[in-house]
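In structure tokens below, several structures.
Next come two complexes built around subunit A: one with subunit B, the other with subunit C.
Let's turn to the complex of A and B:
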């Protein structure tokens, strides 16, 4: 029984020969589908109108970013890493610069002010990512009014980020050794009332999700992931926190200055899609008050915003992680004494949540699929680092990451095609 | 809260639209925006730091054309805007502040060759 329940769902046959017994229909969603903005292939096995089991295939958006990083210097990679994800660019950059800070040995030279600015960028990103997400969720649930309301109000935080950094979704504020740009007092004073205004609006959004019957009935008791199932499938981030796993890297293993701020961990125990929504809305409110605290602290904090980091990073390796809006973001870097990384590995948060989401679908109606699939905030542009490669000759080929790297090195060395 | 969301809808009917009629009215772009580069050739010391740090190899150090060779004997950066990712590393690394990113974001061209700016023709 155990084997059947937890077989690997990343692998499925094209002809449906490994479909679960009892399924009479198979619905294929993606990689190109009006529901999804990003390419993922879901195979949903149905009996009548109920889902028996669901499978996924990813890897349609693989960009070879880790390989590209090996050809660039550490400093240049600071601008490549945020491109891993369209929405959570600052958190990727933050985790990357923390890896470089540790490897270069400048971790203790980073001033309080630089750390506060980094944290502001991270929290602002969490706010706009969550607001974007629950707008799309409402859109998937057929509640387009909420989509327009939440995206309209999201412009407030986008304007603040643009004012501070110069770009809406790709602030690129961080550099190894500190931050690029300072937040002056005038800019902070301009942003504070806007944050207060946004707090009121997000509170209103929460009221809509909790009290409006049309959206609440659509989300409540849909796709329940119990705490036991959550422990087995180990989701991270808001997906786990909605199922009663109170785990947040910011609280459990504080980085930057998260232990000095006053904030509380949000978690729900219901495990349905409504709980994942409320976790994110509450986190948005929590992040908003954290942003206000950071701006208050910035008034008194002093220090150089950028410490000097030599281009050559001494040999060593380090792994660290951060709390992205979607979950846990893990980076692992190996330095070899030159100015370029020997190897760099990114584990993006959506990958850890896929198994839990597939578990969520078991026994649900096919009509609830869009909201359940949306529930873990899929982001495949950053997830597709796992390589399941189909050969062009029709022969199926599944290779691991090390093998891929070896093949790539050989292909370059002997100047021959990859396969 | 039976009428909650409906109230919001009616409120929006009587407010001004969020969108602007673009060519006639436009949003103010913040001064920190990373847009088109400006380059001051007279302060450039031809160190080549910008070309070395550019992640996309959009900057290239080239020599001045023969008629201007006397005034500008060294090599100067030429940029391909089509390759640029507007990260701003060249601006940060320039020791003399010759390169700056401006707020001009209207960079679309009809011809692909127009994206290349020679050091003489960069706007100042």
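Let's turn to the complex of A and C:
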């Protein structure tokens, strides 16, 4: 049983009456702030330069996606689900199609080839998400050179994803019953040397984080989350693995063909921000060698890439999870025999990690706050799914980015509708 | 004793009282559904947490069925030596639709705090003995009696409510 004194966050009163005793300054960050690209309201209570307690308010990016899914068919939802998160779109789609495969009873008809292509998409996503993240972390720690280096090298994997799927960040390769596109031999052969090149670059990035004193000192022993605290606050994914909880769903409850690949679980026991960084860099290296294995296996595997799934899904319910770059992604689907879901629940990883991250901040310096807050890879479309769309007129138009900006400025300036 | 219950008890290495459990279902290998009712949920979770040592709560889902609400606690039994997890869906059935109430399991999981509040926000299910049963995600101006994930509210109605709030805010500004 959890002690009564250990309370969760997310409990801020609007009038500030709940400030902890002893705090003499209060810093409010967000929902709009130059540091954070994404909307959340952080409240940080300080005594001198040390953090006494930190809290958060969420709900500024609420889109109503679960309700929207109940109004759409299972087939339409395949394209809505990846929009739950901008960066980890493939893993949301993967978990969703596995729920539908299971409910429709086509799990055993999916070919090895389709599963391998799904896995390639997932691992490529993990690589580009982690590389993006440690670039931003270096930027927050005041080491902009690393941001430029890692984002430059990230383009290699982005090009591969674009080559295989047609899109850079939203590959949408998966469908219930298999995948949409095949990966041809020419494309695979073109990608293999690029993966080798990227591996060398990521090894260099790891060397920078481990050996370069100016960045290492900024991360080492900062924001330590002990294993006991991690057990209480139930973080998932790399946040938990950095604190000695060795659970990766690919290993702990294997899905697709992860149990047939040769890879090792990465976890650290230190629990500081450096450990969360190294977990992710090591995972990037693991994912790169997994990608190579998958491309080798693709050469020999054959089979139809798409099995037929009927639009009406028989009544049933199924919970499944997938390892997103940020952690544990859990979906629960209830089907009622029609072509629309009865209820569909998505819990993306960031919501489960906020509590542990705010726990990390207790007693730390205010200057370390940006790197600690960054340590769980915040993604607020993860935290507040769901949308409500304004389509009063039903008018549709296709415009470029500049035109869109001009229209928006005019609409604001002259106070007139956008369209 | 059913076969599934025996299997679950072997994995968890405890004995579960039959009175507390309505049904145990096996979803697939090493993945179980445990069904119970609101009055027995607290005692059953106490056994699972204190005797079997379950500490990870993935999320809490609420769902509206024909005559009742269901609340699902998705918990994981973690076996650290084998790097293995056994997912258990802890399902509380038979929550009255007129006055939806169920005990809060915050005593066992810190994370239950915000997941339960999310259910309260969207479905209006009240978790008893929760020290801070308030909204989590919906905006401040959202009407208190509208629980948007319930089936009685369709897409169009919610759109009207949302646009109404937006209009009210822009007029006040």
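Methods note: the second predicted complex is superposed on the first by the 379 of 419 C-alpha atoms of A that agree within 3 Å, B and C clash if a C-alpha of one lies under 4 Å from a C-alpha of the other, contacts with A are read in each partner's own complex, and residues count from 1 in each chain.
Definition applied: a contact is a pair of C-beta atoms (placed from the backbone, for glycine too) under 8 Å apart; a residue touches a chain by one contact, two chains touch by 3 or more.
Being a predicted model, the structure only gives us computed values, none of them experimental.
After overlaying the two complexes on the shared chain, residue contacts for A:312 are found with neither subunit B nor subunit C. In the superposition on chain A, no contact is made by A:26 with either subunit B or subunit C. Judged by the touch definition given at the top, the superposed model places A:79 against subunit B, while subunit C stays out of reach. A count of residues in subunit A touched by subunit B and by subunit C gives the higher number to C. By the touch criterion stated above, A:192 is placed in contact with neither subunit B nor subunit C.
In the superposition on chain A, contact of A:163 is made with subunit B only, not with subunit C. After overlaying the two complexes on the shared chain, residue contacts for A:208 are found with subunit B alone; subunit C is out of touch.
Of the two partner chains placed by superposition, only subunit B is touched by A:180; subunit C is not. By the touch criterion defined above, A:216 reaches neither subunit B nor subunit C.
Shared interface residues of subunit A, touching subunit B in one complex and subunit C in the other, do not exist. Subunit A contributes residues 72-73, 75-77, 79-80, 83, 145-146, 149, 152, 155, 162-167, 172, 175, 180-181, 207-208, 211-212 to its touches with subunit B in the complex. Residue ranges of subunit C in contact with subunit A, taken from their complex: 27, 30-31, 46, 49-50, 55-59, 61, 63-64, 72, 74, 76, 78, 80, 83-85, 87, 89, 106-111, 113-115, 117, 131-132, 136-139, 148-149, 154-155, 158-159, 162-163. Of all residues in subunit B, only 1, 4-5, 8-9, 18, 30, 32-34, 53-55, 85-89, 92, 101 touch subunit A in the complex they form.
Residues of subunit A touching subunit C in their complex: 1-2, 6-11, 58-59, 62, 64, 66-68, 71, 231-234, 236, 245-249, 251-253, 265, 318-319, 321, 328, 330, 332, 334, 342-343, 345, 347, 351-352, 355, 384, 388-390, 392.
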